[in-house]
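By written order: A, B, C, D, E and F. Residues from 1 in each chain.
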Amino acid sequence: MTRGFYIGRFQPYHNGHHTMVERIAADGEVDELVLGIGSAGNSHTVHDPFTAGERIMMVTNAVAEFDLPTYVVPIEDLDRHSVWVSHVQSMSPGFDLAYSNNPLVIQLFEEAGIEVRQSRMFDRERLEGSEIRERIIEGEQWRDRVPDVVVEVIEECNGVERLRTISQSDIVERWEATNGGCE
Amino acid sequence: MTRGFYIGRFQPYHNGHHTMVERIAADGEVDELVLGIGSAGNSHTVHDPFTAGERIMMVTNAVAEFDLPTYVVPIEDLDRHSVWVSHVQSMSPGFDLAYSNNPLVIQLFEEAGIEVRQSRMFDRERLEGSEIRERIIEGEQWRDRVPDVVVEVIEECNGVERLRTISQSDIVERWEATNGGCE
Amino acid sequence: MTRGFYIGRFQPYHNGHHTMVERIAADGEVDELVLGIGSAGNSHTVHDPFTAGERIMMVTNAVAEFDLPTYVVPIEDLDRHSVWVSHVQSMSPGFDLAYSNNPLVIQLFEEAGIEVRQSRMFDRERLEGSEIRERIIEGEQWRDRVPDVVVEVIEECNGVERLRTISQSDIVERWEATNGGCE
Amino acid sequence: MTRGFYIGRFQPYHNGHHTMVERIAADGEVDELVLGIGSAGNSHTVHDPFTAGERIMMVTNAVAEFDLPTYVVPIEDLDRHSVWVSHVQSMSPGFDLAYSNNPLVIQLFEEAGIEVRQSRMFDRERLEGSEIRERIIEGEQWRDRVPDVVVEVIEECNGVERLRTISQSDIVERWEATNGGCE
Amino acid sequence: MTRGFYIGRFQPYHNGHHTMVERIAADGEVDELVLGIGSAGNSHTVHDPFTAGERIMMVTNAVAEFDLPTYVVPIEDLDRHSVWVSHVQSMSPGFDLAYSNNPLVIQLFEEAGIEVRQSRMFDRERLEGSEIRERIIEGEQWRDRVPDVVVEVIEECNGVERLRTISQSDIVERWEATNGGCE
Amino acid sequence: MTRGFYIGRFQPYHNGHHTMVERIAADGEVDELVLGIGSAGNSHTVHDPFTAGERIMMVTNAVAEFDLPTYVVPIEDLDRHSVWVSHVQSMSPGFDLAYSNNPLVIQLFEEAGIEVRQSRMFDRERLEGSEIRERIIEGEQWRDRVPDVVVEVIEECNGVERLRTISQSDIVERWEATNGGCE
């Protein structure tokens, strides 16, 4: 039996992630997949708007359609790169290979002797998340970029309003950084 | 839709826990159940021998037999009782009622206005865990007290040997405490 | 009896804050007011130059002139937004409504079901703090922007010199960020 | 102007503490007194049942009767004795001498060159706290051992019930420790 | 080149540790030795009276007499056994084998695939530390149980007085635990 | 006997640091020197690529050529400026004066009453570190800017490759910051 590990912040889980999981399921390379929810303790910022609980709902419901047994595991940050792999390994069911396009993640896993599969798309998932959050804030169309179950979770937690309100804190901080001169 | 929350350290997940989940599934009181794995960051002590990843395997595999959708969520300690309920709520899919026999857990949930169902057995699950760990250490029979899938997980991670080795640290500490006089 | 809660970093406590407290005292909406000193563990940076102890002195002495019973409570950061409200509630005497213009604070309190009064001035207090710190660093006039007792506290702790010295660290960091290329 | 510093956990603030503050006020040795609430982040245990906010209420209301300006400051634990004095100094208005009977507190302050006044009663305040908590749990008389305002705070937060419920967790833990053999 | 790793709390460094290092130096099994000072952040308790800095002095000066290149490295606790080995590896020069009699340390290193040499003496070093601390407190003879340079460090930091003063806190805590009933 | 303290992040230890230590050794102002490795817990970022263990190797091997007894001590961040000096003092052998050009370090030491010697070069060591890291990333010449033993350590840990890989994470983050709009 082979188990894979795929980590993301999933803020939110979107079609880029979904395609990635679909391919992993189709490739037949692994029999089971662990989906690690990174920065699990973060929420209520523009960079990380959703709680771990909300993201567990998104991911669990979205991947249910694939014929691949999965585990969805929140991973809190320890803020110490040198122990990150051990931390992930202790929080997750054992895995044989990892999927990631994040250079830091790749470096850390490879220094620990864990095989990493990179996907073809250069960090597309990650950038996509950033764009979706901006679209939500700006009132542009975003619902077509995430699975339907993700739309439901975001609406149930009033995620659109939360993201817009929080982004105003960011605007003030940026104004300070630019004009306040000393921050 | 009603979702319940049942938290335990699951060190290991045993028949007492299993009976509890079985009843929840049979009662039909909830449509979904979140199983929170408490003290998720602890491992490799006599009190908490197994990692969160190992316990996720135990719980996920064991509850698969019930006809009840479940989420298995590790919850790391924040070491601050006053924010524990908020922490649990942010790490877990939303829930409507909690199951617990632990007086502290009951107190914290009730102060936060969350309904708690206590089961009939006074803390039997918890004491059972302690006894099973002792039986593993002492080489007595323990496999009949946990679901078969839990035996598999414990054997796969060499849990018996781990527990026995670690318990020797405990013996020394207790010797120090009793005879060393000043600790 | 109604108690209000007003949180700020108070770096330093200035006329904007003072006007806000004056209005709260005049409105008669609350019988008592808790002043929460945010990011209480931070000090010795350009963004947060003063210690909690120094800020307690500023705030306590400044609000003494109003005919409103107050509590001044330092609140250390937990770096986890999802439990921030619970944390504040455990550190503070119980309160019935909160005063804030910070969108994140408003969002967090409202998600927790706590009523928030926003004042008319869009984040003026906050920006004012940033400008006062810059004026102190640049050697411009700042004493007319804070209550007299705040001037005293800043002078007693050599705050002007501290802020100027520390701002040189910032200059180096910014030079690095701009020219060093890789930071 | 001379300012004193008196630290305690105040779980709860009782007549022993009150007598101590009364004497400090009567001695005229200090012009102002800071009351530091130790282990401010702890609550909901038998050893530390009350939150910092509840204890701020107890102390502030109780010392109001003395003719001595006071500051009531919660101090969270950093769990590192070597920096404890610096931590206290940064969280508190500056002070010239400290009052304590706790040998560790005395040692830490003296290593840092801060003068400590010990009172005549050998740790009576501290033991008194332990006994009061036990009396609350056992349903014995305790109200005559604390100032009236403290009774009010404890009743308002349902402290009696909280302490009794929590003490049941303790009973189980002690049973485990004694009989479970391996904890 | 082969490098070994030997960890202890060294509270204080004593003849048992010294004999261990002497043998490692004599065996010629390793070309260099890292001495890890465990629980480096702890100090000012009966269990851990000395700071990391004081212990660095003890160890560095004591091992100077052996003809073996050494590194003395304080290791702060992360309070998470599952990442302890990674933590140690990141804080220390790379090592090829470890020396320990502590069952937990042995277990953690072996799970991580690191070879551990156990010495013949069952945990003698550790118990010896406990006894020496007690002798210091009780005013019995202890100087013949540690290298001379360790005596110097302890005297220079007034360690005898520190340990005795701190032990009085312990006495009170034990009295509470036994008689107070509820702690 | 006089002991000095010189702190840096040493990412990596380079000729600027080396010249500084050389001068301290030549001046004869101190009999021993402690080299504190700051931000010891950080690694695997462009700002802090090397682990504490790798930096201990760099510094220890480099300063061996001087005729000055040294201690090399990793210092983990506590993220609280107000206790930083106490933290450093507890982790380090006692010292009588400090060497630094960092304005924040100077401010903190001077507020604590510790004498600081500033060197003539305005923060040259620090900027040099930034430039060396960039040169490693860009494939430009850097080996002539660090002692030979530092080249060896960096090559042994595959530091060049590590830094290049990690810098790609940075590029993505900066792209997000500039174009993503909302981060």
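Simple rule for what comes next: a contact is a pair of C-beta atoms (placed from the backbone, for glycine too) under 8 Å apart; a residue touches a chain by one contact, two chains touch by 3 or more.
Quick caveat: nothing in here was measured; it's all calculated off a predicted structure.
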| item | value |
| --- | --- |
| Both-way neighbours, i.e. chains that touch chain E and touch chain C | A, B, D, F |
| Interface sides of chain A and chain E: same vs different residues, half threshold | same |
| Rounded Å distance, chain B centre to chain C centre (Cα mean) | 42 |
| Chain A and chain B, separation of their C-alpha mean positions in angstrom | 27 |
| Inter-chain centre distance, chain D versus chain E - centres from mean C-alpha coordinates, in Å | 34 |
| Residues within chain F bordering two or more other chains | 43, 51, 80, 82, 89-90, 167 |
| Overall pattern in which the protein chains touch one another (line/ring/star/complete/other) | other |
| Chain-to-chain touches, reported pairwise for every pair that qualifies | A-B, A-C, A-E, A-F, B-C, B-D, B-E, C-D, C-F, D-E, D-F, E-F |
| Chain A residues within the chain E interface of the complex | 78, 80, 82-83, 85-87, 89-90 |
| Interfacial residue positions of chain D with respect to chain E in the complex | 46-47, 80-82, 102-104, 106-108, 111, 123, 126-127, 130-131, 133-134, 137, 167, 170 |
| Residue ranges of chain B touching chain E (in the complex, touch as defined) | 41-45, 51, 162, 165-169, 172, 175-176, 180-183 |
| Of all residues in chain A, those that touch chain B in their complex | 40-41, 43, 51-54, 56-57, 60, 71-74, 76, 89-94 |
